[in-house]
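What follows is chain A paired twice: with chain B in the first complex and chain C in the second.
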Partner chain A sequence: MKTKAGRLSKTTKNDLITYAMVILAYIVMQLLVSTGHVSSLIQGLLVPFCTYAIVAIALNLTVGILGELSLGHAGFMCVGAFSSAVFSLAFKDAIPSGLRFFIALLIGAVAAALVGFLVGIPVLRLRGDYLAIVTLAFGEIIKNIINALYLGVDANGIHFTMKDALSLNMEEDGVVLIKGAQGVTGTPNDSNFTVGVILVLITLFIVLNFIRSRTGRAVMSIRDNRIAAESVGINVTKYKLIAFTISASLAGVAGVLYAHNLSSLTALPKNFGYNMSILILVFVVLGGIGNIRGSVIAAVLLTLLPEVLRVLSDYRMLIYAIVLIAMMIFNWSPNAIFFRKRVKQRLTAGRKSGKEA
Partner chain B sequence: MALLEVKNLGISFGGLRAVNEFNISVEKGQLYGLIGPNGAGKTTVFNLLTGVYQPDEGAILLDGVNLTGKKTIEICKAGVARTFQNIRLFGDMPVLDNVKVGLHNHYPYSTLEGILRLPRYHKVEKEMNEKAMELLKVFGLEDYADYQAENLPYGQQRKLEIARAMATDPKLLLLDEPAAGMNPNETKELMDTIRFVRDHFDMTILLIEHDMKLVSGICERLTVLNFGEVLAQGDTQDVLNNPEVITAYLGS
Partner chain C sequence: MKKKMLSLVLAGAMMATVLTGCGSTGADAGSTAEGTTVDATEDTGADNAETDAAGTESADATDAAQTASAGGTFKIGGIGPLTGGAAVYGIAAMNGSQIAVDEINAAGGICGMTVELNFQDDELDAEKSVNAYNTLKDWGMQVLDGCVTSGCSIAVSAKSAEDQIFQLTPSGSAVECVSNDNSFRVCFSDPNQGSASAQYIGENGLASKIAVIYDSSDVYSSGIYEKFAQEAANQSFEIVTAGAFTADNKTDFSVQLQQAKDAGADLVFLPIYYNEAALILKQASDMGFDVQFFGCDGLDGILGVENFDASLAEDVMLLTPFAADATDDLTVKFVTTYNEKFGETPNQFAADGYDAVYTIKAAAEQAGITADMSNEEICTALSAAMTQIKVDGLTGAGITWDASGEPTKAPKAVIIKNGVYTAM
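Showing the complex of A and B:
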């Protein structure tokens, strides 16, 4: 029974370290900001740090825990962003900002979960590369639909069209909420660094507890061996859908945070295209597949890096690429892993002998 | 009445008749062996019994309940557990969690209760841990509880697979070549384990095996398959001395 207690406290300890790391980073950042040591450039990055950390954790749930490669998470982020931005804009003056952002979060999460669920039903029948290709396509479809969508509200209710603003046929007092390719403008700026960090912590709480629960074990058993999981009575379709829906929903939350940090929200390829999906995947792979804490660290570092390297102008992307390769080797090369183990052993051995002496 | 009754089971893959008119009747508490040369259709029979394949004809009855055409999950819930010829563990998960996945359907709590860690999560997880440790102890794996399953020695992996199958609380245990790839010492240990499982859990076991020492050592009854058909059936010693069986194995 000793071993069991040891194991439990080990995972719990690991989780607590992750929470502590986020809280510590928050406190340090706040202190630096209040003493004026942080440039406005970095201050502008504080909310994106949280956004990307959340979406990286969400994608890690699909890639690392469920074991399926999704290239469409920017699409779920997009759904969360636009559904919540429309809500916040429509109720800009009706609801106080705190409550409004809370409802917007719920709307974004539920909308993304719903889309994730609907996409998941056909997509999760596929495996490996095929699943990646289809999710990639779904992400693009979602982005393109929103790019062409016009949505407005007037006394008669909600109008929408895929043509142009005039074909909405609205009364004079009507308000256009989504203006096609121009997106949503005038979303209240409800998010800030504190809210973002709280959301990161909530996301961590949901995902880490999910992994340590009965459902999480079922999901990981499917990842490790689908046939064996079925043979012990695990409902493969059900658990795949649960994991994928939660993952999509959390990506939606990241989208809400993203939308409420900008006054004008557009569905450009840069924001919500496949480039973004692949960038999120880069966070997950470099942070370690299945390693939730790693995703947070990688998301923050790799968001910060291109901005810090801006001073190098033309050489920026070159150095960014070299850093990516170096991180990949450090994390995944067998030689590097062996080297890290040896260093760790030597350090702990040194500590032990130090105690004895 | 027998625990497992299989009547006239048959399946074809394209033009190949993989299993034809397969009949077997396993009594409760029996240790039953299914043997035959390579490609005789033994594993196909297991896949039919566990719903991996659907039979073209015939019926499978477990304790009087018709399992024909049911899905793998339903068959597992009805009380059939199995191991695989090539070991299929949840390699990246700890040994303890492998068994806990086997306990999955017997210790329910919802996903939300798990995420929010409501009281039922703590209560059920504690019960699960205790039950899983108990099972690991039975198989002598309690010291390995924290190990990643894929890091276990080969013989222990086999044991863990049996432990995981037993966690589903089955009425019938199917073992597909449990001694494959084992040295004589490991095989001997495995024979003791299988016998122990039968006696300790009062389990009914149907096993596929090539190792004749294991088969003649622990099986009480045998069915011999050859080219998808039953060649001989009966008490172990009678079957093994049957000239037709010897011919099928060694050639004439």
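Showing the complex of A and C:
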């Protein structure tokens, strides 16, 4: 077995492990759900797990592979969520649910990619902290525009305004799709765990293959040494834009999954504001920058943690923060890594001496 | 090719053993959550440090009642924001509900059953709200008293309709909150408040030129404003300006006030919550803009704002279902108990929470709910009973419901005179 696995390159093996992990988690969960061993809470969390795993992978592409800090990914998620929710609501009765959700996914991905591309053009001229701050601003702008947007459809076509629902001037039969701050209500529930896992796998496939491709290597060369990359003729702006647009588009897919899991969609600071962008960054940092598998695991763990801590009622958020700090230190502090190594050594040494005795 | 496929499968199998740990973490966590949520109920009474004593007291009361009554338990779940910016509403509704539950238990429970309340935090996020709902389902919730806010309520009502769990929202005021057959509400709906305010102003000839200042990022505020503007077309007054602000810039209102002043408004309509209204009143008085202010139930509580000069609120009118200074026995008793337990004057969310529990009690008694009924049976029975009952609550006398889920009750107009709410 070892010799056969050994023929695969190390990176391919690593990627296969990631796919296998997701598929296995899916099979185990499906078995547990069908035998009734899973609480309603966990069942309700299955789709959010997939949503956050996808957006964490997407951000890891920007942060880990492109090497630029983006704090606007919640904004791209928001674009994907709202564009697809409006589509699904408008064609609720016209198209059967499977096809409708598929088209919604494409719409969400394309809309987010478009916004990502447009935002990317000015933003990617900047580097480091400046880029982080400008993406943060764009994320907030997207959220605020959606909060002020009113969109309706009637016999005369599509109406939209930034003022209020009355200014839409619609016919009697008109339907208001986006009601400003009240968001979109009545999105059909098309997301489920199976679709979510398929999307996670597709996302993994896209990102992992992107990293291993010629384009991916070019992107990483920009990250590692921009001047050297430019000197060998790599078009820095082009490759940065490619990576950033793909990342935004995948975040949009996560948004589609989010929107079709809940029947009310509002752009609150809580779900699409910078808090969420930072939470996604926390997933990426905890899982390891550039480590795609780590992002998936961290996203699932950190989505689960606050719900499991409900037991603590009032102290929930306090404990959540403390656990988060502890996890970060344990995973990434040089001292903690050294300590872990030493403990591991001692354990193996202890086992050896035990065997000898 | 075959070899590649084989090695793929083998690599997968190799990892399977290593990674089973990942799959089982989820299941473990699930079982821990299941095993321990019951403990949380006793903590619900204690929501902040000051009320520790009160919290243990209420827990004691529940314990005593549990031993006293042998008719089983009736589990009411509650959902609202207990942390974050909107926590004040969620905590108030939770406290109000808790007082009602304690009173009912002390008086022998509902149909001989002891009432248990488990109130979960949703952080004002629809997704978290659904999580809270699922947690409560695992706990064994039979009836849902929630959610406190509209967006969350809509998201949860889709799930509760699927599971057939009866839902009564104390304060979810958006129209869609009660769109399902199993969902009802205690408060007025936004359109109801908006048009009622416009009618009240029009019928009483309070003004001819009206300025509106509202929060366009808030569902409640923009919902009322829209209906107010619609109804205004049928009334004798006109809206001269409508100044919007958002949650991100709600500290300086001089632009909106200046607009209103320049337009010659003789009444400013404030369909907003009291914190911002207090700032508006202060800034209006600083710029010498002396005008009549009119608000909705969100303004209730303005006299309790810290460092707020109550004289500024003199002559402010508001349309509210609940006034903490009312002198009827029920309100006086509720306000005293609330003050004792939680050290503050209750707002309308607390009153809504209190009424929600009593409404559930009335409907349950009408329907003859017993402990061995399934959630579906309870839901059908309660939904039918809701249209037959009449509740005298804090937020209105003789409240009735129709099958759509909307309550019928009269709004009370209140004016602030000499620092107290006075009925008009």
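In this text, the second predicted complex is superposed on the first by the 329 of 357 C-alpha atoms of A that agree within 3 Å, B and C clash if a C-alpha of one lies under 4 Å from a C-alpha of the other, contacts with A are read in each partner's own complex, and residues count from 1 in each chain.
Here, contacts are C-beta pairs under 8 Å (C-beta built on N, C-alpha and C of every residue); 3 or more make two chains touch, one makes a residue touch a chain.
Keep in mind that this is a model prediction, so the values were computed, not measured.
In the superposition on chain A, A:I103 contacts neither chain B nor chain C. With both structures placed on the common chain, the touch criterion links A:M317 to chain C but leaves chain B unconnected.
Of the two partners chain B and chain C, more residues of chain A are touched by C.
In the superposition on chain A, contact is made by A:E307 with chain C only, not with chain B. In the superposed model, A:N144 makes contact with chain C only, not with chain B. Of the two partner chains, neither chain B nor chain C is touched by A:I133. Within chain A, the residues touching chain B in one complex and chain C in the other are 1, 4, 7-8. Residues 3, 6-8, 10-12, 14-16, 19-20, 22-27, 29-34, 36-37, 39-40, 43-44, 46-48, 82-84, 120-121, 123-128, 130-135, 137-138, 150-152, 154-155, 157-159, 174, 176, 215-219, 222-223, 225-226, 229-230, 242, 246-248 of chain C are the ones touching chain A in the complex.
Within the complex formed with chain B, the chain A residues making contact are 1, 3-4, 6-8, 205-206, 209-210, 212-218, 220-221, 223-225, 227-235, 242, 290.
Contact residues of chain B toward chain A in the complex are 50, 52, 72-73, 76-77, 81-82, 84, 88-94, 96-98, 100-102, 104-105, 107-109, 111, 114-117, 121, 124-125, 128-129, 133, 142-143, 145-146, 164-165, 167-168. Considering their complex, residues 1, 4-5, 7-8, 13, 16-17, 20-21, 23-25, 27-29, 32, 37-45, 48, 144, 147-148, 164-166, 179-183, 185-186, 189, 258, 261-266, 268-271, 297, 300-301, 304, 307-308, 310-311, 313-314, 316-317 of chain A touch chain C.
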